[in-house]
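Please go over the structures that come below.
Shared between the two complexes below is chain A, which has chain B as its partner in the first and chain C in the second.
What follows is the complex of A and B.
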């Protein structure tokens, strides 16, 4: 290959990839310095760095902590409920093939298709009739519904790797439905359920559109708190909270990388060890 | 009354008839094979016995008890599939222990039985492995050990060997026969491979379009196929047309006119003068007439080496194609395109009821 062609075929795509990566990193590189500013408006640090805005986050009276707690509680509850519903549906559909599961699937996945703003308007009308506006239950139900599609997709994906005959095999061996559910299907779904739970958590954690419409003074989730603080001030605490979230995500990724990947590669090398021991 | 009695079992899917009234009696400890082409209803019958398919009509009686409406988990039958359907998250040992734990056996009894089953199928060294760390043949053995661990009243096998390569299949055939002998369990085995059916079964039930068209020992079915379909399906047969002349008592076949052999039953086989007949490939030899043989002239259309000998395809004077199998070395005089003389013993020609 000539050097020129080499440059075009390998060099240019490489360059494009690096540029894209840099572009993705820009917000990160901007938001962290801004969070360390010594002024009380959004700006880059001028006469030195300050952790004042991080300190403000930890001040209960500023409202950030309580919003975080609210979001965390709603996201955890939504994640558990959405995952449970999605798992129940996916496993039911796996065991009973037929028309009902596919109809129900359209209904469960509809939040992915309906624009959130339309959904929001509808929920305001509905919740005002039931008196659920600005209530824990109202917000959690909405978040559960919004999170179900992703959980269904994640769990469905891991179920599609299962041999449907396993259920027949288990029944022929004498297992009844609870045993089949707990001992045969669930143990094979742990990764799908984990992924579904995380996706559901994230969906709820950063949901803003519908939440804006159905909450008021009582329930202030973190995205809502950020939204209002952008609307009426340009508090650098925003940058601080964004950086904090970024660091938390980074930490989670690192933990995953070092704890789970290592565990995974260990179990992957096991067969070799076992294979050496015996032959047949 | 037999151990397992299946009476007039019917099952349709819309207009498609999967089982068109099947009767079958199986003796305790028997190895019976359901043999038939694809779509002939073998799996449907097996899954009805297992309880996963509810028949539209008919009943299944096991040892005097009607089990037609029992759920699969209450039947206490073993089931082995082509895909094995092992539990991927459980080790070999735990797969085999699963049905025993479900039955709430004691820990010690479970451990003992699992050891015994793994020894029986020769997997005691691999007890700690996961199914994905095993070869196809080994997985098959786990599936067998798992389905036999609780001494089921019946073992149902749906083409369990069809995913294995030829040599492994022969090993597993022997293995299955040994397991059948040593456990004494009644085996109902599904296959569409005639040789497999011959090699393993006490009796074979031949399926065609959702019905059993013949049932009997492998030799009986091979020697006396009940219909054109069976004669064609069980392999090794040449199906030919013949014509009977009542005035002279002769048959015209293979381009010759010969005296009807003794076993030719005019009342049974004869309709409008046209007769279906079959000749096994190994019963046709090369060479001229001899005492007890009839000879006929053919043209060679193909020779093929098949290891143990040669398979030769010829065309007869009345435009029938025949295949014959001869020992290697005996075919030196055979030239493709050239004429040839063959001979056959008329008492080895079979005659069939019209379908």
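What follows is the complex of A and C.
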């Protein structure tokens, strides 16, 4: 093969791939310089950088802090509930193999495929009947339902590594069912439950589509506040909150990269791959 | 059934109660309301098909979704194909560059694109100062901006699906093709591409389904000028309260998604890729 053809067939696709990776990564970074602007409108810094917009975030009256607290509370509550329900289901389905648990699995995972907008329409109707629109419990329940699929996938993945002979051994030694579930199966699932809880937390923390429909003035989660302020104005405080979220994500991913995942494996076991649409 | 199995079954009950009462029921209610509200019959569907405004919304949704899906899958394939052939260190860097946008909130990403593409945004400022343009370009609040934002949202997802699939392809087949004298282009078109079709189909399926029901990015980057179904529904529900039309449109979307999934599941390779017997 001639060098020129080699360049076209091998070099060009590689170059295109790196350019596309830059297209994915670089535009997100733009919020950082904009958040440091010295003007009070969205712009790049002109006569120097300023942290004024970060300071504005910390003012309680601006509402960003209270929205963060709201999101944090709802995300913690729905993460705990979703993980508990998902773990109970996953363990039950692991022991009781049959038609019913696998049918239920399809139903539990369906929020990954069914557009959240349809669920939103349904929940507005249901919550308005029960008077749960714009309530803590209403939002938390919806977030639990949307977080369960990821928790089921994460816990299911760690259950599939569990040796069924361990359960058989416990049973033949006469362990009672609660003992088997709590003392034999559960302790082997800590990594799956941890991953499920984190994924559930992130799902709730990021959820916007359904939340937008079922909340009003009282419950303003962080995504809802960001949504409203993008619609209302183009305030550089938005760039500051976006940068803060970006830095938190970068930090979490770097920790994962260097602490938990030393290999460069083609990660297959990432349940969020099968899932991201829930937050759109 | 043994006592142990009864216990196991009992553990699945909370999930079942929640899923049926608070997920399946509200969605069935949407389906039911589309035939009942405001009066029983097919009236909502008749007005759905007779209404020019809704027709436009549906057409926009389909055009934007199909374009987004086509662009996303082709570009994601280019990236995924390069990633699976990279040496380990470079692959980690590349996957990191995919993971960051993958995990960032959709709102932050839409906001970044607003900042970049606005009339007096970063891109227009840079291009004007470089002397490349004299008038700012209209890059956002139109179909172009919506598609850029949607492709950017969908690509990491499609790349990760494709990388998982391409990584599973047996490299000995590629080596065999090469050692039998196939040119690189032949190896790609006749070996890599056919073997990666299940991955391509899954990436296509997920991208089109997510696009059809997408609210955030089209709403922010389209600013009402590129009205897609999800945003139209939000207007129907929150301001005009036309439940009949909204639920009928939701039902149509659900049917479309169901048909896409059912169609995909007809192929054995897709069933296998979705995890086989479990579903």
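By definition in this document, the second predicted complex is superposed on the first by the 231 of 280 C-alpha atoms of A that agree within 3 Å, B and C clash if a C-alpha of one lies under 4 Å from a C-alpha of the other, contacts with A are read in each partner's own complex, and residues count from 1 in each chain.
In the analysis below, a contact is a pair of C-beta atoms (placed from the backbone, for glycine too) under 8 Å apart; a residue touches a chain by one contact, two chains touch by 3 or more.
Just so it is clear, the model here is predicted, and its values are computed rather than measured.
Q: After lining up the shared chain so the two structures overlap, which partner does A:96 touch, if you call chain B first and chain C second: first, second, both or neither?
A: Once the two structures are laid over each other on A, A:96 reaches chain C alone.
Q: Which chain, chain B or chain C, is in touch with more residues of chain A?
A: Counted on chain A, the partner with more touching residues turns out to be C.
Q: For A:169, using the defined touch cut-off, is the partner it touches chain B, chain C, both, or neither? Pick first, second, both or neither.
A: first
Q: Who does A:128 touch here: chain B (first), chain C (second), both, or neither?
A: Neither chain B nor chain C is touched by A:128.
Q: A:9 in the overlay: touching chain B, chain C, both, or neither? Say first, second, both or neither.
A: A:9 sits against chain C, while chain B stays out of touch.
Q: Which partner does A:179 contact after superposing on A: first (chain B), second (chain C), both, neither?
A: After superposing on A, A:179 lies in contact with chain B but is clear of chain C.
Q: Between chain B (first) and chain C (second), which, if any, makes contact with A:187: first, second, both or neither?
A: The first partner, chain B, only.
Q: Classify the contacts of A:245 with the two partner chains as first (chain B alone), second (chain C alone), both, or neither.
A: second
Q: If I apply the document's touch criterion, which positions on chain A are contacted by chain B in one structure and by chain C in the other?
A: Touching chain B in the first complex and chain C in the second, residues 171, 277, 280 of chain A appear in both lists.
Q: Taking the touch rule as given, give the residues of chain A at its contact with chain C in the complex, in rising order.
A: 1, 9-10, 13-14, 16-18, 20-25, 27-28, 30-31, 34, 42-44, 85-86, 88-89, 91-96, 100-102, 104-108, 110-111, 113-126, 141-142, 144-145, 148, 171, 177-178, 180-181, 202, 206, 208-209, 212-213, 223, 226-227, 230-231, 234, 238-239, 242, 245-246, 249-250, 252-253, 257, 263-264, 266-268, 270, 272-273, 276-277, 279-280
Q: How about chain B: which of its residues touch chain A in the complex?
A: These residues of chain B touch chain A: 50, 52, 71-79, 81, 83, 85-89, 98-99, 102-103, 122-123, 125-126, 128-130, 133, 138, 146-147, 150.
Q: Provide the residue numbers of chain C that touch chain A in the complex, in ascending order.
A: 3-5, 7-12, 14-16, 18-20, 22-27, 29-30, 33, 75, 78-79, 81-84, 88-89, 91-92, 94-116, 118, 120-122, 125, 152-153, 155-157, 160-161, 163-164, 167, 183-185, 206, 209-210, 212-217, 220, 229-230, 233-234, 237-238, 243, 246-247, 250, 253-254, 257, 261, 278-279
Q: Write out the stretch or stretches of chain A touching chain B in their complex.
A: 163, 165-166, 168-176, 179, 183-184, 187-188, 271, 274-275, 277-278, 280
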